[in-house]
Every structure is written in structure tokens, then in C-alpha cells.
């Protein structure tokens, strides 16, 4: 259930019975020669909404722009600074907490968000930790990367082996091909499998990874694989979510 | 053209020829008994993308959570503080400016965003104003409220007259009914037309407007009206946009 | 009554009976060839104090430096960043709220302040909106631009017609000539009426408006006009203020 | 010369010859039973402008609201947080630096501002210190407390001895009585000389100093003493200023 | 080599030859009934300095207070908010970068620091990523948790098995017993091995873990184990460091 | 008693009886040709811990990196911006206040910290001053510069006279020679006594003071003098501390 497609009395009704919500969070950044710039936001949105369907949880609007400073060397990439994203996540949690939501699960599509979102949870908790040692916020926040759902790794490995890589992976490109079949792109990959390395800022990243990929061959992506991956990720995360909220 | 459905080489190609972009910005907040919580984000997204279609401009992902502190008294409303939203808009502009975008038009769906987004533009411009009086940023930012497109007011007046009101209006509810016909809701309105008043914070707002509406009767909304309004708004804004970028 | 010329027991006494205050806010920035750099702050101060005289309201010290990043290309202009001015306004409101002031009217002399001050009100209100949906701050803030007082427009139009323009207007220069008759300056205007255009940062502004004016001919200013304008603006704003506070 | 009473071409002309400016900075806070709430801002303004007259230096608008958190327990007191005032001072310096001002002297009327303004200077300098070790800003900032001008202490001691105290002093009240003879107030002082103590926040301050004074008997103030003190302080500070700028 | 025990000409000399530095970062927080409050800072310092000895690298002063909001429910715990620690790390990197340090390795003693420090690296890199896509900072930052050095896990497992746990572990307590043999404490552990669970803020943490431990039995700690662990961790990290800097 | 060498139950026990703590705060910055980069942090730590020994007070970990933007022109210097250090000090106070500490004495080793730390105290107090005029924080903070302890000045004057200077003084170098006898350095001083001047940012500082000293001849330092100075400073500060806490 998308919260943005509900009326406030419907949300009110939902809160009489349960207090959990899914918040998809992604990024808008280059994903190599054939990957969509919205890959990370779209994966989080598609899978986050599927988790909502399977678990009956409300789903918030997707936070589509994440922390992607290292991708700014490629046209179309957008980023928030970590300090900005931290404020966004804090305000989102505080908004939801005010209505009585107490289990907030961020379904994440972008590795670059992990540190900042985790720090943002602590920034939110710090309010009560500094203010009153006896009183505690009832809110629990959780970050789940869809690609770390238990069933996902084996599928990626089966399908792509070492060509999965870590950025612009065939798995994430597959998910977007499944979700947006009219926007599948083909592009030559040279070399087939991109190099791997560490990186620092945007210029360093582009120097190391001239076409944007890290260690991957997204030419192997397919909508069929995407369908499998969405089903696997959403199934795992929904089950875990229901367990978390005690249902 | 949605930028999130393009690859970076496609954006690169676009930038060889033009440097404008549309950024839909809305809000996720209560919209009365039958209005969707996502009304402002959805209107901005639907109309912003239509402007992109008509003008050939790229369209960025929608900034779906805006400045809606006064709506936090109703379940489901989400808000960024003004200082947070200012940082978001600044980072979005800076991201795009780095790629060579020089005409950035924010298509806005929420009155509560106007002050903060306008201030954010100045926060961005202040960087070059304080730094170097001789050097100027080539970036121009613009905020356009879809309901102020010239053709929109007459339609709203014709259809709804004084029942248009200023929050949870039949016009904006119509736009979402057009865009999401499966999510049309019906709800009793008591009184038919909601009261009007000023307000301060969330508790004050809820006290003044118990069902969330201000001065409106959104029971009058219809998908047909929505279709007319989207066409009118997008047509006006696209024409204005093309004039702005000199095409 | 200027609060800065009172003792604290006198303010204490005032607060037994009423809880309203006027806060003049302006800017310190170029106002064309013959306008004073302090025009916006001086107009706000002169008119704000006159409102205080007519309404019996206390008047706070003038916030003389506003948001004027676009004027920094001209010697003598001073500006706060929007984020800084937002913090100033928030602290001013919080200071006054702590004493029991509940109706705070900012009498504004500078168009560039509007967005930031409006956002600052929301930043202040957000404190209670995020913190406790049941509790509300009793404080109401209001921003009033003196040039939008109902009686002012007709006078400006009668006296200056299209030569009023929008920056370094003959009306605002007249107000300062009335208030500071020893500091009336004469300067050639070329052309008589300045051009109009949009602008972004300071260098862009100076390029578009070489002598600082926008659309105006301030050579038409006179102290007599200033006297009329002050009387008109202060009369309107005082009446509106008394109505607001229920007197 | 008040910069707010000049036009920008006049400031431009001034900058051809010299690059110094005086910035009065004070506070708006309780000053005991007979002291004006604006005492610190008014003293800084009166003396700062007199320094300008004697030295030929431009004088900026007065920063009238300072760091006075400890006075917020008394009606009428206004304060910026240290972090806010730091941002204000940084933006003021940056504004002036952009025009070529290189000697900026803050004439201060409030002890509570000293730490924050001094820290703000370092915050400004840190920009170039962190950015480029080879390049230096040409700007020098200075804070001068009028009551520490060499000739002032002996006069205060001669006139008031131990009754001078450290807040709501007869010396500062005298300066305002000289400047605003129509606003001299009389009030009983019990005891004649107020107690002294340390303090932390506003409630602690009010508990320790029930009528707002620290160690002073401002009933001894007189306009004649104020005239002497202004002359002494302005003379000293002007001489020092001229020496600083090499004139 | 501790940089704080060198003179600046000695650092200058070092920088002629190499540009790497170790920055120990820890935390000051409860570590169960017998663990030192400084455990995480002391471990980082002892091991970080040993890495410096083995690799010839300079070692900066220890950042002793980290992000430990969840421990604030126990007396003696100190914490920075994530936003504060992010600013600290950014300023530390910027200070070192200004001198020409280009390989900065933070040797970390506290799991709670990981997200924030990682986000801080991105905040630093974002400066150049947003500013200039062609220019890159030459600085590379790295965070290394001493307990994840390859040789450490096997020792902990051999010595403590499942009683290692994740907070107030016998391994980290052993390191401090080795380093501070005069401050070894004994305390009853009930139960022997502490429970495990997730946690949010300080009150929630204390409710879940009444004596502060998570899953551990630090009564098993010994100085001898500490010696082994320091040697293992420092050896691994020094080797990795030398490889990183190409020596 | 170093708090970092205690367990939390030991701190709990301490707090049953008293509520005071010493926080050493210094800086990591160049100290001339023979001074240690850690001089200010080491002096604060050595003397702060000695104060703790003499007074029975707990001693927190040393804040080793302070506000030293003006020293960044010399290799090895590290600095926090004033705004960063202000946040650090605020969080440290808030952490301690949460446990019931009410007398927090910062023993300071660096003149450059004074303004920022003092402002930080006000930032902390401002929380309660703005929030609730009736409620007061019970926390009192104090900053004590070891070199201003009454007995210290006479010793410095006796030993060094005018060669004491104000940065890289023989007194502070002596303290570190006493504390770290294995790290005594010798270096030629040209001239014997360094010049004095004012300064702004790092480049300006280095231009004015090519070897880092201000007005001093630290070649005169000796470990014996250091021993005397530590004893004198710690004795004074401990006596003052005990008086402050009423013991």
C-alpha cells in the first residue's frame, strides 16, 4: 500500500492496527553504458513496494536522491552531501514517529547510502539519548539492502558469477529491465567485465572507471532475471519484516 | 524524458545540444478526507513530466517530500524542516550545475515549498556572490507553481468557483484522480466547503481545519477535470519553458 | 514605543496588558545612483516605528542587514546568507516568545527578505510541529511589506506611474528623503527609467543593471512624497495590526 | 559617515582612498531597573559613530542583537545563539571583504559578545587557512570594547568607584542618558549596589541578580558623565584606529 | 612516531619523503563491569601507535570521544552526535591534507564510529566532487577496525569462542589489561555471557543490557591475551599500510 | 583519577559522592623550532591530571585538537573550525550533564581555544535559556588556562623575563620537557627572541613568524622548570577547584 495513494483517514485506520512502514531509498546516478541513471532508486522502489504488498505494510514515497558524490563525474548523476541526507532521514523519521510509526524499515538500493543512513539513525536516537536517560523513543529504524537478502546472492552468482561486480551490476540492471521493459538499452562493454579498484571523489572515480562500471558486465542483464530477483528479494524482506513486527 | 530512465551516455548526448531540465517538487501530506497524501508530489510529477514531453526537456526525479510542518498533525504527513529542504535543493542544483545544466525549472505542487525553495536558490547564488564579484554562475533557477499557469485559474474557477479553496482543492484532487483512477476515494464533506483561516504550526492547523481542507470542496473533483487541468498547466509551462531557453 | 528605550520593568508592565510587538526588518544594499544604501532598513524602521506609535505596540530594534546576495556586486552592500538570516529570525522569535509575546509582526522593507523570513517562521513552527502534535506554540508571526499596504500602491502609481519600477523606486527613496532630509542626493539617471530583467547572483545582477536600479526613476523622489507614503503605510499597517490583536 | 546614509557611488569613491570601516555591535537586553534595554547597542552605536566622525571612517549599521542568552529571564531581552551570531559576523565580514574593505573594526558594547565575535573572526580566517596555505586574506578584523578604551576606566573609577560594577553600570547608563535625554528613568535600587556572582543560564542569572544589575549602582548615572565617557572612548578609539590604518 | 612528540621541522622533514599518517580514533564509553571506560580509545591508541612503530608512519593524537549515543545511559560514557563527529573528521582530514598528507588511515577502536567516519570521508570528498569534476583531491582516507585485522579473529575465537560477544569483549578488555596492568579490575558477571539483542537509543540499550555487555564474558580477559592481540593487529595493519603506500 | 581507566560502576560510585570533573583541552600545532607539536594538549593533560590527583576529581580524556587555524601554515598543525569545536564542547558537556556532573572544569593549554570554548558554554546554556525561563540547568562550566594560575606567572617571569613571549614559550616547552624527557629537542633560535605582532590567518601568521614563535626564546626551557611549573599550576588549580565545589 503506497501511503501517497491513501487519504489521511485511511492512514489513521492503518495506525489503529499496526505501526510499521517501508521507506524505499535509492540514488540517481550513472550506472554504466546500459544502466538507467535511476537504477538504485527504481530498484528500491520496485522491491520496497513489493515488500509492502507481501507484508501488508505501508510504503512511503521513495527517497530518490541519495549520497552519490563519487558519481558526480558522469552526466546526470545527482547527490546529496552526507550532512544533507542525514538531515533528510532524520526529518523523515521524526515525521513518521510523530504519527505513531515505531518500526521504520528503509529498503535501500544504493551502497553509498549505507554509512550516511546508519549515521542518521544515530543522529535521531541521540536526541533522546542526550535528553533524558530514563526516557526512550519507541522508534526502531532498520536499513535493508535488497541485494543482501539471503536469496538474492545465490541467484546473482548462478546467473553472473564473477561478472556481477559491485556497481552497475547485471542484477540491478535486470531489475530495472523487468520493471521498465520499454527502456532496455544495449551498449558495447569494453572490456566485458569492468575493472575493480578503490576510489575517493568524483574525478578519481571517473579516472578509475571510465564507463562507470565496477567489476561488472551488465550486458548480461535480462528482464527475466529481474523478475526472479525482485521476487526473491521482496519475499525475503517481507518475511523478515513480518517477523520483526511480530506478525 | 525521464532522466532516471536514461543512461549517462544519453544524458551526455542531450547536453551537447541543450542544458535545461525540469525538477518536479511536491509534498507528502494530508489532503482532506478524499485527497491522496501524495497529491502535491503526484501533481508535480504528472505535470512536470508532461512539460518534459511537450518541451523535449529532461525531467529529474520528483522531490516528493517538501516543507509541510503545518500538516504534521494528520497521520501520514511527512515534512522536511525548511533548513533541510534548503540543503536538498542546493545540492540538487549543484549536482546539475556540475554537468552543465544552466536552466533548472522546478515545477512545484505545494504552496508550502515556495518560500523555502526560493530561499534555497539564493543560498546557491550566494556562493558566487560572496566569493567573486566578477565571476557569475551561469545557472538560472526558476520555480513554477502548476496552479498558477495562466490557463489553470480560469478552469478551476469555471468548474469550482468559490469551492476551489486553497488546500485539498478540487483541482488538485482532480489531477490525481486523472492520474490514478484506481485510487479515487469518496468521503463525506462536512461542511461542504471547508473554513478558511490563517495557521501557524501543526496543532494550530488541525484545530482550525479538523478534516484538513482549507476553503475547498474536493467532493467536486473528477478525473475529467484532472485531464483538462494537466493539459492546460503542462501546455502553458512548456511554452513558457521553451521561450525561456530560447527555442 | 521603542523597546530599546524602555527598561525591563516597563516591558514587564506592557506584557501584563498586551503581547504584540513590531519587528522592523530591512536590508543594507545599493539603491541606485541617488538612493541610500540603508534604504530598506531605514524605510522599515521609520514605518515600523510609526506603526508602533499609531497602534501602541512595542517596536523591536531593526534587523538592518537582510538577504541581499544579489546586490553584493555594488560597494557597500551587505548580506546574510538565507541560512544565516533564518537562524537570526528564529532566535528573535524564540527570544520574544519566551517573554510571552504572541503576536509578532515583522514590518519589512526588502523584497529579498520575503522568502527567507517566511521560511524562518516555518522553521520556528516546525519545532512544535515535530515535537508534539497535541501542543501548539501560542506564537503567531506575520510579515508585512510596507509597499503592499493598500494605500501605498495608489500613491506610488499617481506620483510615478511606470517609473516606480521595482528596485531603487522613487517611493522608497522618497521615504528616506523624508526621514533624512540632510542626506538627499542628486545623480544623473541614464536612462531615465532603468531596464527590467530577471537576475541570479551578484555579478549577473550588476551586468543587467549597471547602476543598480530596476525599472525605476528615483530622480522623481521627494521628501513630500515620502511623508505621504509613511503616513499611508503606517496608517494601514497600524489598523491591520490592531485588528489582528483584537483591539 | 554612516554607510547607510551614503549611495553606492559614494562608497565606491571612499574605497578609492581607504579601506577601513567601523561596525558597531551591541545587544538588546535588560539593564537593571533604570537602564535601557538597548543600552549596549546604543552605546556601541553612539560611540562607534563618534569614532567614525573623528577618524573619517565609514560606519556600518549597528548589529543590535547580540549574544545575551543569560539575560533572557528578563522581559524584553533578545539574543542570538552563539552559533547564529558567529554566522552573522562571518557574513558581514565576507560582504565587506568582497568590496575591498581590509580593516574592519567592531566597536562593541556588550561583554557577552566578546567570545563569540572573536571565534567568528577565526571562523572567517579558517576559510583561507584551510584552503590554501600560500594565499592569505588581506582582511584584518578587530574587536574593541568601548569601556576598555584607556581613558574610560579612570573616569568611571573617579565617578563611581566600586559602584561601577559589571552589568547595568552607571557608566553605560550615563552614555544612554546623554544620547537619549528624553528617556532617562528613575528607579529605586535595593540594595544600592547590586551583588556580584558568577552565572550560567537565564534562570540562574535571574536568581542571582533579581533586578538584573551586577555589582553596580546605576542610580548614579548622569547625562553629563555620559558626554565625558563618549568623548573619551571615541577619542581613544579613533586615535587607535587611525594608527592601525596608518594615517 | 607520535606527531605530538615531534617539532614542526621534523614533520616537514618527514613529508619530504612520505605522506602517510595514522589517526587512532576510539570512544569513551562504558565497557561492562570490568572494562575501562576508555577501552575503545585506548585500544585504538595502543594499536595505532604500534602500527606507526612497525611501519614508520607518523601517528596523530587519538580522537578519544566518538559516536556512542547508545551508551549514554551508563555513567561516564561520552559521545559526539554523528553530525559533530563528521565535522571533526572532516576538519582533521582538511588539516592534514593542507600539509601534503595523502594517505590517512584511521585505526578505529569502536564499531559505533564506522558509519559516521565513513560518511565523513564522503563529506570531505564531496567538496571536490561538487566543485570541479576535472580536479580531484589527492587524499585517500581509510578506516580500519583493529578487531577485523585478519589475525585477530582466530585468536579471539581460540581464546574465547562464543564468549567473545560484540561489546565489552574479552579481547578488547585484554588489550587494555596489557596496556594498563595497574588498572585491571575484577567484577562478577551475571550471567557469565551477556545477552545479545538489537538496540536503539541509550535507554533502550540499558534496558536490554543491564550491565553494559553484549554477548560477552570479559571476565576471561588477560594481559597475556592482550599482548598477543596487539601484536597480531598491529602486524597485520602495518603490513597492509605499507602495501597501501607502496613501500 | 582518569575516567578512561575506570569502569562505569566506579564512576557510578564516584557520582554518589561528588559531581565534578576536569576536562583537559589543548591543541596540536607547531610550537617553534624545538617545541612539540602536541605542546598545548600535553600541558593540559599533564596539569589537568595533576589537578585531578590533588583534588580527587575525575579527569576526562584530553580534547587534543583545538582551534588553531592560524597555525595551519606549519606542517603537522591540526585544527577544528570554531563551529566544530563549539559542537564538540557542547556534546561533551551534554554527555557529562546527563550523568549528573554539575561542575565541569576545562583545564586549557591553548590561548586560541578561549573564545570558542567560552562561546560553546553559552551555546549549551542557551538551550535552557531559550526553552524555559523558570527552569535552569544545574551545570556550571569553567575554563582555566594553566598559565594564568596565580603562581605560574611569577615563575615564568623569574626564569625567562621578556623571553617568555606568547607562543612557543619557554614555560610551556619546559612542561613538555619535564613530562617527556626523552623528547627534548635542541634547535638554533634566530633571533634569540622571536618578534611579536598581530596576525589573521595561517599564511599571515607564517609570514610574520617564520619559525612559529611569538616573542619567545624556548631555548631557555628545561625539565626542571617544567616540574616547578606543573606543581605550581596544579596546586593553584586544585585549590581553586576544591573551593568551587565546596570541599
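The chains carry the letters A, B, C, D, E and F, assigned in the order they are written, with residues numbered from 1 in each.
Convention: a residue touches a chain if its C-beta (ideal position, glycine included) is under 8 Å from a C-beta of that chain, and two chains touch if they have at least 3 such contacts.
All figures in this text were calculated on a predicted structure; none of them were measured in a lab.
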item: Labels of chains that are neighbours to chain C and to chain F; value: A, D
item: Per Cα centroids, the chain farthest from chain B; value: F
item: Centre distance in Å when chain C and chain D are each reduced to the mean of their C-alpha atoms; value: 24
item: Distance from the mean Cα position of chain C to that of chain B, given in whole angstrom; value: 29
item: Inter-chain centre distance, chain B versus chain F - centres from mean C-alpha coordinates, in Å; value: 53
item: Per-residue overlap in chain F, given as positions that touch at least 2 other chains; value: 72, 79, 81, 83, 91, 95, 98, 130, 133
item: Chains grouped in pairs wherever the two touch, ordered by label; value: A-B, A-C, A-E, A-F, B-C, B-D, B-E, C-D, C-F, D-E, D-F, E-F
item: For the chain D and chain E complex, residues of the former touching the latter; value: 130, 133
item: Parts of chain D lying in touch with chain B, wherever the complex brings them together; value: 91, 94-95, 98
item: Residues of chain D touching chain C in the complex; value: 2-12, 15, 28, 30-38, 41-42, 60-65, 72, 74-81, 83-84, 87-88, 90-92, 95-96, 98-100, 180, 183, 185, 187, 212
item: Contact footprint of chain D on chain F as seen in their complex; value: 67, 69-70, 72-73, 79, 81-83, 86, 112, 114-116, 118-123, 125-126, 128-130, 132-137, 139-141, 198, 200-204, 206-207
